[in-house]
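The same chain A turns up in both complexes below, where it pairs with chain B and then with chain C.
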Partner chain A sequence: MDVKLILSLLAENVERTGYPVPVDVERIYSWAKPLNLPRGGRAVLYTGALYQLAPYINSLVRHLESLEGRRAGGLALRLAKTLGKIIDLGKVVAKADPGEIKAVEEVLRSIARLLSAAGVEYGYLYEDDMYSGVILYDMGLDEAFARHAKMVAETLEKSGASLIITVDPHTTHVLRSVFPEYVDGFGLEVKNYLEILSENIDSLKPRRGEAGYRVVIHDPCFYARHEGIVEEPRQLLRFAGLEVEEPPRSGKMTYCCGGPVEAVSPSLSRRIAETRLRELQGVGGRIVTMCPICYVNLRRVGGKVEDIALHLSRRLL
Partner chain B sequence: MAAWGRSRLLEEAGKCAYCGFCEAVCPTLPYGRHRGYGPRGRVLLTAHLARGGKASPEVLSSIYTCLTCAACTLKCPAGIDIPALVRAARSLLVAVHEKTII
Partner chain C sequence: MPSVALEEVLRDVRRALEDPALQEGLRRAYTGAERRVPEILAEHPEILELARRVEEAKRRVLEDLDRYIEMAVESLKGVGAEPHFAGTAEEAREIVAGIVGSGKVVVMSKSMVAAEIGLREHLESLGNEVWETDLGELLIQLQGSKPMHTIAPAIHLTREEAARLVSEKLGVKLDGEKIEEIVAVVRRYLRDKFVRADVGISGANALAADTGAFVLVENEGNIRLVTGLPPLHIAVVGVDKIVPTLTDAFHVAMVQAAYASLYPPTYLNVIAGPSSTADIEKKRVYGAHGPPKLHVVLVDNGRKKAAKKPLLAEQLRCIRCGRCQLECPVWRLTANHWGGPVYGGPMGVGWTAVTLGEESGAELAHLCLGCARCDEVCPVRIPLSRIIRWLKKLYAESHGL
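For the complex of A and B:
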């Protein structure tokens, strides 16, 4: 394991480009184009770019995994040889799975449509929909994180919004529970879309006459343990007419998908993901994820998984 | 929260009674090479680093393979926030070894 190299790679990318892996900024907001969402407003949808980045991160992890398996030379040397120079990750992430990119964009459109169906008025940030900087925080790069968080906070404040709607567990946690500690005077209200849908559940209508199916729920650690979001997804899935099954480890005692160490140790990450996938498959039913990192990590080990937003939109829109 | 300094880190790590209840729920421990891949080992090693101990490759592996999933904190009778402790150790490593870590 070459911690130094991986850290410098991610940190340098965030500092230089704003994202942990190089990606064209248009790819971050192009999902919203067909929806004609207004710009800004009292409430704004802030994706933090994590869903959009997940396929590119996955492509990088697959590359690191292939290097990890080779014997000759240290990882640094092997990485340098394959990339030319460390920062040039473009050709690695260019191999991102187009199917995965399409899928995460569809998740975001589903989330947006569900919010509209629930009567929520909100706008979008488009090119100001910045990455939250969560990887810098996780890795203990405090100063770099504080600088990045300040930029994100200023951009969100400039939008004029008082309510920020988040869509994934990591961005929700970092914005709601970490930003107030790192950014002086950060006072924006942060709510996750599942919480908002749950509050407005009476405005939603399940489709009539369609047979439900069984789903098994995989709670993300950062929803269940850090942000207390456990009941909302279950309530929404049941309301949508689906039969919700619990895996052996669920709710607050959920089992991590292994995603957070995917770059530092792809093989460790894989073994944890395989263990979790077996557990989920053992229950029977379609596997529901709610986090882009869980989604790509369980997929990397062969899991057939689908985001909660797709299940809900199919039944509620 | 903003990462803890050395003294807070030592104070938190000092609450550990080494009971090991945390180890049963840690996803990384069963697949790691040693106990450093579990919460109890990580708490011990954060204290080691806070006292100025050496950041060997295996210490780095221990600290950087934590998922910060927080399953362990629900089992800890002393109520140690282990993900916060691990992030503090990472932050300390960056601050102390800036030239060597990144």
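For the complex of A and C:
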């Protein structure tokens, strides 16, 4: 892959549109409409758009996979760039799977409903639910990241919230552990919804009389190794009456889904995902993910996986 | 210009993924290694304590590297060794070449720093007969390839491939492809080289600044022969291997062995100066049974500069156990095809940045997942994934992004 070109496309996309890949912007917050969530408040739900972006990232990666190793790949991208059609690239590559879009929106609604069921009072940001910029940070595009992060921080601060509730590992990590380094005076409290649900577990009630089933848990690297979120998902799944199985590598030693190199080396990414999927399948049980990137990556290699929020909402709502 | 190019790394990685022999060799080799280290640590919790001490000792040296190099040089002189200092890989090669000359038989024990400075090839080009004596490293020499793991260089070779190499390249007959048979044949073959060798070249796991003693840990027994049998011993030692005391040096060896899942190590060699005796009239005579002459070449090659850099300095604590490689999802599919021309995997990216320049390390950085399993297992707590993310940043900056 032409990494330089990919990096500059990502940076330019974020600069011009706010998102790393072309995306239907209204779809970023329209998932929340049926829920009638209040706007703003002391605590706000901040998705950082990663769940919503995952199907688009997935379709871009599928496209890159088909180009990998072909000279034409670099050529096509270069052409798109010289023609200044960075945003139009979306029409070519971002033919995201509508089923996947629906699925991630359902995950977000489940998260929102679970928070409400746990008695948490919170609002939503709607069009101010900006992308966090995490991919810029991961790719070492620090200047572009710092610029974007400043805007995100300003927007969040302007909302008047003092607590930011995040829903995925990457956004949680970047907001809680990276923003303070890159944005002067960033002092908002950041908590992940799994942490909040765990704190308020007494307010939740498992449905009675439904048989539990076995789940095998795939910890995301950023929850387990960077943000110390290991016990919460297990506690919640067990509380919901599910039997939690550990794969050979779990918790702090969890194994990457391959996602982070998907744009640089799609074939390597695929092989890592296959390695992990085989391992998860070997345990027996329904595979639980907690990260939109893990979700689309394990799915791309044929995995039948489901987000933890869907498991929890079925049993706790 | 960086000496590593991302385009080539990506091609290498794709080739590695499509190499069934490599994939099969890797699969056979790492099954089990991941489990053994935690078992060893559970059985010997004192190792964890020693790892903290090693980390601390290395930090102390790296904060004051020039002074520790001077101390090491003085201590080496004190025990009758001849110290040399090489600023670059080329200088190091020239120093060793100057001592060895040409037309000699040279036996080497596996040394990453020797590979880093291209020593074997250089000595061969000067008309010396040079033999690697570590079995894995010999297979690499015979294959004309590069080591694929820090401790287990031939981790990617199956027994079938090893047998083919040994019989073809050494011209010895093998009955079948039993591993025992390969080992026995190589043992017989190299025995003659050890006896005839004019020079033995080794690395070192750690060099004590206080005493000039260095330690070498091993399982095969080849290091004892390389450093003990020929009349001349040359040790090539990166300046990052200097630790304050001999006790620290022992700790390094123990921690390295445990994290490499080889515990206890079969052999631990301590070398403080050339062999000598004073058994007759208390007169000291050098070269009793071991070599009468010992040269120690201290190699900088980017280390002193790196020691002054935030983050990259932390790479220099590395004790080369290779644990980060075995735990890395990328390494497990590519072995040392990713990480640089000599070093590989997560530690390899950092070492490439140290020894070949940051811009070369930066070309490798984008293959890192940033998953941080390596950080989790490193005995001396090197923030490997953070070093690599910093290199990604350098990549962006140097390409105007």
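By definition in this document, the second predicted complex is superposed on the first by the 295 of 317 C-alpha atoms of A that agree within 3 Å, B and C clash if a C-alpha of one lies under 4 Å from a C-alpha of the other, contacts with A are read in each partner's own complex, and residues count from 1 in each chain.
Note that contacts are C-beta pairs under 8 Å (C-beta built on N, C-alpha and C of every residue); 3 or more make two chains touch, one makes a residue touch a chain.
Please read these numbers as outputs of a predicted model, since none were measured by experiment.
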Combined model on chain A where chain B meets chain C, clash or fit: clash
First (chain B), second (chain C), both or neither touched by A:Val264: both
Which superposed partner A:Gly140 touches (first chain B, second chain C, both, neither): both
Which superposed partner A:His226 touches (first chain B, second chain C, both, neither): both
Touching partner for A:Val178 - first (chain B), second (chain C), both, neither: first
First (chain B), second (chain C), both or neither touched by A:Leu7: both
Stretch of chain C, among 99-107, 225-233, 261-269 or 369-377, that runs into chain B once the two complexes are superposed: 369-377
Chain B and chain C contact sites that coincide on chain A, given as residue numbers: 1, 3-4, 7-8, 11, 138-142, 221, 225-226, 252-253, 255-256, 258-261, 264-265, 268, 271-272, 275
Chain C residues touching chain A - in the complex, by the definition given at the top: 6, 10, 13-14, 17, 327, 329-330, 332-334, 365-373, 375-376, 389-396, 399, 401
Contact set on chain B toward chain A in their complex: 1-3, 25, 27-28, 31-32, 57, 60-61, 64-71, 73-74, 87-95, 100-102
Chain B partner contacts - residues on chain A that touch it in the complex: 1, 3-4, 7-8, 11, 137-142, 178, 181-182, 221, 225-226, 252-256, 258-261, 264-265, 268, 271-272, 275
Contact footprint of chain C on chain A as seen in their complex: 1, 3-4, 7-8, 11, 68-69, 138-144, 221, 225-226, 252-253, 255-256, 258-261, 264-265, 267-268, 271-272, 275-276
